[in-house]
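Naming follows writing order (A, B, C and D), and every chain is counted from residue 1.
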Amino acid sequence: MTNGWIDIKNTDMMLIMGGNPAENHPCGFKWAIEAKRTRNAKMIVVDPRFTRTAATSDLFLQIRAGADIAFLGGVLRYAIENNRIAKEYLVNYTNAAFIVKEGFKLPEDGLYSGFDGATQTYDRSSWNYEEGNDAGGEAPAHAAAHTAPSAAAAKSAGTTLGAAAVTPTPLPAMPPKVAYDLTLQHPRCVFQLLRQQYSRYTPEMVERITGIPKDQFLKAADLFTSVRKDGDMKKVATIMYAVGWTQHSFGTQIIRTAAILQLLLGNIGRAGGGVNALRGHSNIQGATDMGGIFDIWPGYLKVPNPTDVDLAAYLKRITPTPSKPAPWDSFNYWSNTPKFAVSYLKAMYGDAATKENDFAFDYMPKVDRNYSWTQIWDNMYRGSVKGMFAFGMNGVAIGPDSQKNIEALKKADWLVVGEIYPDETSEFWKSPGITPEEMKTINTTVYRLACAGFAEKDGSMTNSARWLQWKNVAVPPPGECRLDQDIVAQIFLKVRDLYQTQGGKFPDPILNLTWAYTNAQHPALGDLAKELNGKALADLTDPKTQVTIKRGQQLPGFAWLKDDGTTACGNWIYSGCWTEAGNQLSRRGTEDPSGQGIYQNWAWSWPANRRVLYNRASCDPSGKPYDATRKQVWWNESTQLWMGNDVPDFKPDSNPKDHMGPFIMNAEGVGRIFGPLGAFADGPFPEHYEPIESPVQNALHPNQSKNPVVKKLKTAADKYASPGDGFNIICTTYRLTEHYHYWTKNNRMNVQLVPEPFIEIPVELAAELGIKGNDKVKVTSARSYYVAKAFVTKRIKPMMIDGKKIYQIGIPIHQGYRGIQEDAGRDARTILNRLTPTVVDPNAFTPEFKGFLVKVEKA
Amino acid sequence: MELSRRTFLKGALVGGAGFSLLGFDLTPAVAQLKELKIARATETRSTCPYCAVSCGVLIYTIGDKAKNVTPQVIHVEGDPDHPINRGTLCPKGASLEQDILNPRRLLKPQVRRPGSDHWEDIAWTQAIDEIAHWVKKTRDDSFIEKDAQGRTVNRCESMAWIGGCTDTNEFNYLVVKTMRSLGLTYLENQARV
Amino acid sequence: MSQATLGIRRISGHAGPAPGDDVERDYQVCKLIDTTTCIGCKACEVACLEWNGYTFTDTVFDNSYQTMPETAWNYWNLIKFNEHEREDGSITLLMRKDQCMHCADPGCLTACPADGAIVQYTNGIVDFQQQNCIGCGYCVSGCPFDIPKFNPTTKKMFKCTLCVDRVSEGLEPACIKSCPTGCLHFGSKDDMKDLAETRAKQLRDNFGFEKAGVYDPAGVGGTGVIYVLHDVTNPEAYGGLPKDPRIPFLVRFWKGPAKWIGNLAMLGGILGVTLHYLRFGPKQVDAEKRENGGQP
Amino acid sequence: MSVSHVISSRRTGDETEGRILRYTLSERVHHWLGAFTYCYCLITGLAFWSPYMFWLAALVGGGPTARFWHPWLGLAFTLSMFWMYKMWRRDMLTTDADRRWSRVMKYYVENEDEKLPPVGRFNYGQKLFFWLMFYGVILLLISGIGLWFVESIPWSLRWLRYLAVTVHVVAALATIGGFIIHVYMGTAMVRGGFTSIIRGEVSTVWAKTHHRLWYEQITKGTSAQK
């Protein structure tokens, strides 16, 4: 989230779309209710179903699953046409005034410039700024230069990953001096391109694509943009979303549209504003920060690819250089990448990482293609992935196309599952439909290790608002269960012994990995947290403040990291979490003097305990907060420093006159309305594309209906439906508030709340198919089938999409083949994700779980 | 209400005295208050493992940390001091007692041998030993030091690690650290799905 | 009398006044349920079951998010889900937490014949004392909200106790503490009424719910549980919340005037025959009458 | 009318040394069965009826036990009532004589029986009492079942719950009224009445004065048959 859970109480307007916080984040949703109760904030909910979030909303719109960009594009057009934009914010804090190079083409026909049909990729060199100076009128009186906002999606607001696709061909650099036009009139300035791009998203077009009636759409657009009526900068609007946006073949671009809308309205960086991703799992943010995904190192450092022949080449490729209008200034904080990368390598390989061997750069694997989730199962299905560790992740139940995952596991050699309950992945070899004979032919060795539950482990978890919080051990692990970290440590140390005694392929990284834990077989999570924070490997002195840190001491923060090997830090964004002052993660200060829900002394949030990101943008260019009642940070003329209730997300001593951009992580220093060059795989502006399995053609450009860069997988198990072959009902999947994925089906209490899986079917469709409430229903997709009871409801209405009557159904994901009800034979033991298609978003590689085609019939 | 002396007396007295329409009743209608079950339990502060709101929870366990007691959970409630949930919990968080104390918990390592139709128990040491051998064999069989263009890549594409989104930061760091040192490129977690 | 007894204001089936009646000063507890901010998440149902530790039951899906059709002897509070069609044709989901209302004038206590089976504490909580309950089910007839539930095996009645064990130790009830959106609120009756009126006014003025209001039925003397409803003129839409709940007339008649008439009739009958006997004495058979000279 | 009974083969009306059999053994047994069950239901009913009498329940084993047995013994009483109905149905029909009797009932109350028309086996008061009990027990049964399973009466039919309570109470009060008079008459007012239901015999004089028509019918009947 750019802001935080409690910060939502400061908002005046909420758009909740692509997420269902009342059901999936109930205790976080309290703050949305608090905003309604204490500030009369209005809540707009847009969802394919009338959910329990919609029940407390002021305006609910039912939308067709997969038409989110069309709706948001329409709201963008409405805001521009009705001048509901934060002009000063737009000019100074976004790249609206930047001028784009010749040769860039908007996708009227569905394709940006540079598309190569054969490889289904773009040559993105034309998506760049033009070099030059003030191309508009003469420079205005005060140096009201403009800074471009960072790719709001990059680190925080956007995708779960924010990693750029790994493209082997090197991209041209962004010009250091960018041409700009402060009056925003230049035909190729970003603002005009934005206006032209969304001029096609008229209310009529929005109705055709999304199925939302024109008047309803206009009511919502007017209500949401009303925060900027007549240029009023006091009010703030927030956008809250979840996997309802990410799980599409254009998921990243949906979130981009929201980010652009919030930049246009000047809501990013404001208390009660921002684009807030309601992350799913308790430590999904932490696991990603820690580099638990293939394309990043801890701290979102890009993973090296084979063209990085040495450390220098690697650092040159991934360290951005400023690209901004001449009079402006850009902190471009990613310029410190070398310090972070070298400190990480020192943390990994300690003394074995020396200046001479490029700090053991070659010990790290280099990546030159997509190794994401669906690729793992695809390659296991093809036989190249032989073994898998699955610790607390139920790959078979997650899918997509669970049957393919089961087939893949049959071909693997070994599988190690670390779980606390019997799950589908560990028992793939006896999943429903496998005969005893076939079981004999499955040669996979499966180890199921009994792990410890959450109450049996300490350690920290990072929540959706980037707060790291320490938890304590309440009960010992039952039976012979072992702590997860002990299991991984013992397996690794055993592998290391084998390499020491028997040798083997390239043992160096294994042998030289640092393992300085007080108890090697049982690494204490406190030791690991200290390693994350980072320590000095030599005496360090800060020239400005003359403060010295002794060798071996914990570093106070990432400002102290060096690229000469004198500091080690496991994850630069977590530096500051366990300093010499002790474990910051277990702080429990409950004071909140500003009343904005910042809670500076509660636990610790990354980066550097900042609670609201880009909070410099909550002030006007002269450094005065837009809304005095919700002051976050401000420029203190006397001390010549930024100060505030929150840690300023800014260079502390940068005078507003220097006009440094508030989005310090971007090379431009400002928000990216236009996502240049390699930022995004499918276009600098979001364009509406139909889901891979869609009942209708794209109303904007029928011949390019789907996202051009999305590739289908090609094994026998990858099948895709089209309306032609009888699949004409849109199906969306989601979680319930009473259940948690495939976990609480083992919990007697939650099973009592919702005892059986069900399928939400509109009353009209049920009537057509002769289905009554509680009847057993079979849903079939191109890949497989799913059986559950019918929940005939009035909360999903039929929709008119482009003249066609379309039905939508909704299915919760919680059924598996091991669980209390499953073992008692009280449900059909079919996994929902047998239905879902194996196609992913080109930037985040998230499968398209929301909005695919199915058939429905009585079972 | 236990048969107190007074009730017994009253019953006997009235029984003997025969009819008395306006009988004077001595039964004390004492409302027996259930004593507060968490009054003396040990209170441990933790975080709910389910969603990313990170509600603070109080886990009440029996005993007062004395040596001769194995703590067992008797109740889980919201942590009123936690600034985000302020003592509230959702239906999953409120039922955490059933997650900690659950008869379906796996209690020992098991293995399914190739072609077998059942789980077999296996000792921890043997399981770890076998897994380590599998890891080494799979890595050695398929480790790629140089790619087609002869550039150093040092990666192992035949093993995958998935998981970790409800486990701690420190565990995830340990996993990334060990798996990257093995050269794994297939490294994924729920953030992806 | 033990301290607990002094805290009791009314006792069911009790001859004479309750020992603690009007003896101790105490605030009236009140649970506010703001159905306009209820998200039907069932945290209250779980918190109640977890705190009171009663057993689980096998439930069946029945075309609704609702856990079960009615509260049960081991499920004291239940959210009623209703897909409600508004005037303008749009659908909304009305969710109301159903549990004992802790009436000021409880129908269950009035109807209960057993001594001490139902008590009303000085803070307004109405509580079943299972050890005194004789399982006759009169409270089922007395309750205007159909709350008391019978356990067929132990032959005892059960209902929400408003966590009297927590409240008496100064804690708030478990369901209220757990409610994620703060739709449930705990405090004195005056504070909660004030909070409810303010919220209802805000709903009328700022959120377009002209008929929003506070549900605190006078028919039962006001309740320890009050609702804020989107439309207080139509409480029935919230899963059968009675419009004007009061103790049923026949129950009041039976426990009131009929009781005294009956007692008087019986006393009168006994008195009557005794007087008759004194006045007329026994009947004489012919032979005896002749010997006694025909006196009566 | 009389039922041959294993214990005693004698029929009502048999005359031995100036004693006439008024009630056979089975009639007496059923009467006392009904009496006992009614008394139990009376005591426990009164306990549930008024707080001031709740201590009665303690007498008969405590509230729950009282509540447990009350319905079952209620059923037993109903059965014995029906059985008595089967036995005395014909004798209990109101005749013209009864109507004339009722008009001058005042004398009966004031013990001037001689001014009353002759009476059959049961006088009109006894008949009224019988029918009172008979219809009373039917009402008690129906409303009792409603009370017994009150939790299974659905909320939509809740008026049935309230009606059940009221009907049960009113019917009970009626039967209690009758019961008081019945016990009073049987024990205090009519000497020999009590022994008649205990031992089954009455003196011929008793029969002549209280139930002349029954006496004549019985003695003429037997002499005629003899």
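The rule is short, and it goes like this: a residue touches a chain if its C-beta (ideal position, glycine included) is under 8 Å from a C-beta of that chain, and two chains touch if they have at least 3 such contacts.
It should be emphasised that the depicted structure is a prediction, and the values quoted were computed from it without experimental measurement.
By number of C-beta pairs in contact, chains A-B lead all other pairings. Here the chain at the heart of the structure, going by C-alpha means, is B.
Computed centre separation for the pair chain A/chain D is 86 angstrom, with centres defined by C-alpha atoms. For this pair, chain B with chain D, the centres built from the Cα atoms lie 69 Å apart.
Work out the mean CA point of chain A and of chain B, and you get 27 Å between them. Chain B and chain C have CA centres that are 38 Å apart.
Of all residues in chain C, those that touch two or more other chains are 14-15, 41-43, 45-46, 50, 115, 132, 180, 182. Shown for chain D are the residues that touch two or more other chains, namely 51-52, 54. The set of chain B residues that touch two or more partner chains comprises 21, 23, 25, 27, 78, 85, 88-91, 93, 95. Residue ranges of chain B in contact with chain A, taken from their complex: 44-56, 59, 61, 70-73, 78, 81, 83-86, 88-93, 95-96, 98-100, 102, 104-117, 119, 122, 124, 127-136, 138-143, 145, 147, 149, 151-193.
Against chain A, in their complex, chain C makes its touches with residues 36-43, 45-46, 49-50, 56-65, 67, 83, 85, 90-95, 180-183, 199, 202, 206-208.
Within the complex formed with chain D, the residues of chain C that make contact are 13-15, 111, 113-115, 117, 132-138, 140-141, 146, 149-150, 155, 240, 248-251, 253-254, 258-259, 262-263, 265-266, 269-270, 273, 276-277, 280-288, 296.
Chain A meets chain C in the complex at residues 22-23, 26-27, 29-30, 33-34, 36-37, 40, 50, 52-56, 58, 60, 737-738, 748-750, 752-756, 758, 773-774, 789-795, 797. Of all residues in chain D, those touching chain C in their complex are 47-52, 54, 57, 63-64, 66-68, 109-113, 147-148, 150-151, 155, 158-159, 161-166, 169-170, 173, 176-177, 180-181, 184, 188-192, 203, 205-206, 208-210.
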